[in-house]
Amino acid sequence: VIQVDRRYRFSASHRLHVAALDEAQNDALFGKCNNPFGHGHNYEIEVSVAGPIDVRTGRAVDVNRLDSLVESAVVSRYDHRYLNEELPEFEHTVPTTENLGVQIRQRLQDGWDEAFPEGQPRLERIRIFETDRNIFEIAAYE
Amino acid sequence: VIQVDRRYRFSASHRLHVAALDEAQNDALFGKCNNPFGHGHNYEIEVSVAGPIDVRTGRAVDVNRLDSLVESAVVSRYDHRYLNEELPEFEHTVPTTENLGVQIRQRLQDGWDEAFPEGQPRLERIRIFETDRNIFEIAAYE
Amino acid sequence: VIQVDRRYRFSASHRLHVAALDEAQNDALFGKCNNPFGHGHNYEIEVSVAGPIDVRTGRAVDVNRLDSLVESAVVSRYDHRYLNEELPEFEHTVPTTENLGVQIRQRLQDGWDEAFPEGQPRLERIRIFETDRNIFEIAAYE
Amino acid sequence: VIQVDRRYRFSASHRLHVAALDEAQNDALFGKCNNPFGHGHNYEIEVSVAGPIDVRTGRAVDVNRLDSLVESAVVSRYDHRYLNEELPEFEHTVPTTENLGVQIRQRLQDGWDEAFPEGQPRLERIRIFETDRNIFEIAAYE
Amino acid sequence: VIQVDRRYRFSASHRLHVAALDEAQNDALFGKCNNPFGHGHNYEIEVSVAGPIDVRTGRAVDVNRLDSLVESAVVSRYDHRYLNEELPEFEHTVPTTENLGVQIRQRLQDGWDEAFPEGQPRLERIRIFETDRNIFEIAAYE
Amino acid sequence: VIQVDRRYRFSASHRLHVAALDEAQNDALFGKCNNPFGHGHNYEIEVSVAGPIDVRTGRAVDVNRLDSLVESAVVSRYDHRYLNEELPEFEHTVPTTENLGVQIRQRLQDGWDEAFPEGQPRLERIRIFETDRNIFEIAAYE
């Protein structure tokens, strides 16, 4: 069994704000990330999959299929978007990178069986680099 | 004479849109960067200054003063901002990274004499890394 | 549960030398790292914590508290120091990066309950990049 | 117990081609990686070992021995080579980075006891960066 | 006037060998880079262009046009190729990165007027990162 | 004419302190860099040379000779040293990175004619990365 990590990028903006809290509470929680007009990042995501090496092809994952899935389910959905205003999943949920990770995991899992009908490889985890010093990692199955 | 380059970071969002053009023209020019809600980047700026080495201190620039100037004139102004909506300089000017570079240069030049009253060092150029593959460089004096 | 990794930097110097060994043994063990006057590194540390996402705030860790703890317990202690001469913990212990990792883990654990009185998140591991090709990782709990 | 990761580099070329498949199948599987003359990469490998910290030396691994082993068993074998034509292990096995990882693991395991006769440290895993966006990780023991 | 640098990548392999020299001379000159089967790199190229900022669009270069030109004239030509065997320009010329730089410059200059019929921006220089420690820079006009 | 940049690394420590100044002045000038025991960095130096491409070899610089010169004149001299105490050139000169750059330039120029007796290539400039955010650049000839 080998794990393959592939990295993808998109640029987006978000605002950290919880409607149920007042201004002072939002400011205490999120500081300048609560700025009313949002701010942005170059997000980098790393998708890790694992599986046995196919003895015929020498590969553990069909990378074309993985790239297609990540592109259609994640990158094209979030690239160049203002997460708060344009994505229904963040209409009532604050688009922290934690919550973005949960969404990305769900979208990959939803498309997995169609992308990999033979059941291989397995999605292992997702990492999101909000900046190169601030990284979020979420396991595919807890 | 030695050149000293120091790098600083801020995260911001912008939308590339020209009011005088119609939707189709904006789309042709800017593509997904024209998205109505904007998108964001982790901007990295490199400020290059040059001057002779002070024989007493062994330094070509007082880095405390330079850091203070860049922080007050640039980073605190643009960090965690939506450039189009929050900065008067982009009310009628499209906040491309080219135009952002012109603004940053102007703001550093405006504060230079107060920060470095002895006239040293000289501002040489500004580089902005919009991403690590897309870089803009503007000379201080043309 | 999500894991959050945050990176911090400090510059320090150290000498790898064991008093109980003679000169030839120290040289065989440590080579040029045994140089009597020490040498230095730009250390980068990655602190990994994990916890459930707070449904109200969308966050797994209060990053302000984590940053404060790492700053006070680690960065301000080691930044711009000569580890062998200035830190009592290295008076009788050779300041290899392995031992530095043990110290950093201990100092974070000692301050954890005060920083996170609600018990969340959990410290998971510490990684130290002595250079970008030489990395040390220590689990919080073995 | 601490884990130590050390990175090494080599440049090589490979062609992804399976003799048992016809041209169309190879093209579907490997695309431009099937190009008949091969293509190349700057491979970076990360070797992770783990062990207790030696209380006398403050170290978990004798890095000189590890460097010697990786140099003789891996880097000198693959650096500046065309994997398909020059290495017997790839005469009948397609040199995907998955299979290269299996080979590297085997070669390190074969030389381990001689390099570390006292039994410490333990080889934990190998990571290969084919590019900085395409990474393969293989555990030493499954 | 502002300079815009954009980076592109391709993977290729090459062999440094001069037919007019004997084996010993080739070995003295090129060492392991003379290996008969070649070896490979992840090349990264940085294309720098300069021009005035268009007051209407806020841009100094139409990046879509630049990307198209670099893709068609350079990346698609060299990506996943063995330079010595597949490219006529290296049939009688050793494909050092110096010579590759000359070829890339020529191909960009040849396509420039068609890509930028209004005469803007100007090609300034090309940099090739053979590895991240070995970089070649060639001015567009000497 | 092509410019070739090659990067080299060494780890060293230094203390920024001017004997002719009192404690308060040193502190005002250098802050924590004035710490009495010094601190360290992973220095990275980039040596840039330029020359015409040799039509026979396809190269602008004999990299073996350049590597030998940099290794003997610079890296072996400064690697794993405490600059203030071990190098005579810093006995009366504060080892700021500016002054280190002047020394490195001088040492390369002193050895140049012996390393490159045919007069090619020309030393163009030296860059020192004290950290990846703090860079010093000095031209070979002013």
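Quick notes
Order of writing sets the chain letters: A, B, C, D, E and F. Residues in each chain are counted from 1.
Rule of thumb we're sticking to: contacts are C-beta pairs under 8 Å (C-beta built on N, C-alpha and C of every residue); 3 or more make two chains touch, one makes a residue touch a chain.
No experiment lies behind these values; they were computed from the predicted model shown.
Chain centres here are means of the Cα atoms, and by that rule the chain farthest away from chain F is A.
Seen from the C-alpha centroid of chain D, the farthest chain centroid is that of B.
Set side by side, the interfaces B-F and D-E show unequal numbers of C-beta pairs in contact, with more at D-E. Comparing the residue numbers each copy contributes, chain B and chain E share less than half of them at their mutual interface. By residue number, more than half of the contact pairs of E-F reappear in one of the listed pairs C-F, B-E or A-B, namely B-E. Inter-chain centre distance (chain A to chain C, centres taken as mean C-alpha positions): 29 Å. Here the spacing of chain A and chain F, counted between their Cα centres, is 43 Å. With touch defined as above, chain E holds no residue shared between interfaces to two or more other chains.
Contacts between chains form some other arrangement here, matching none of path, ring, star or all-to-all. The full set of touching chain pairs reads A-B, A-C, A-D, B-E, B-F, C-D, C-F, D-E, E-F. Note for the complex: chain D touches chain E at residues 9, 11-14, 32-33, 35, 37-42, 79-82, 85-86, 131.
The part of chain F that touches chain B in the complex is made up of residues 16, 18, 20-21, 29, 31, 93-96, 98-99, 101-102, 132-139, 142. On the chain E side of its complex with chain B, the touching residues are 1-8, 46, 53, 56-60, 64.
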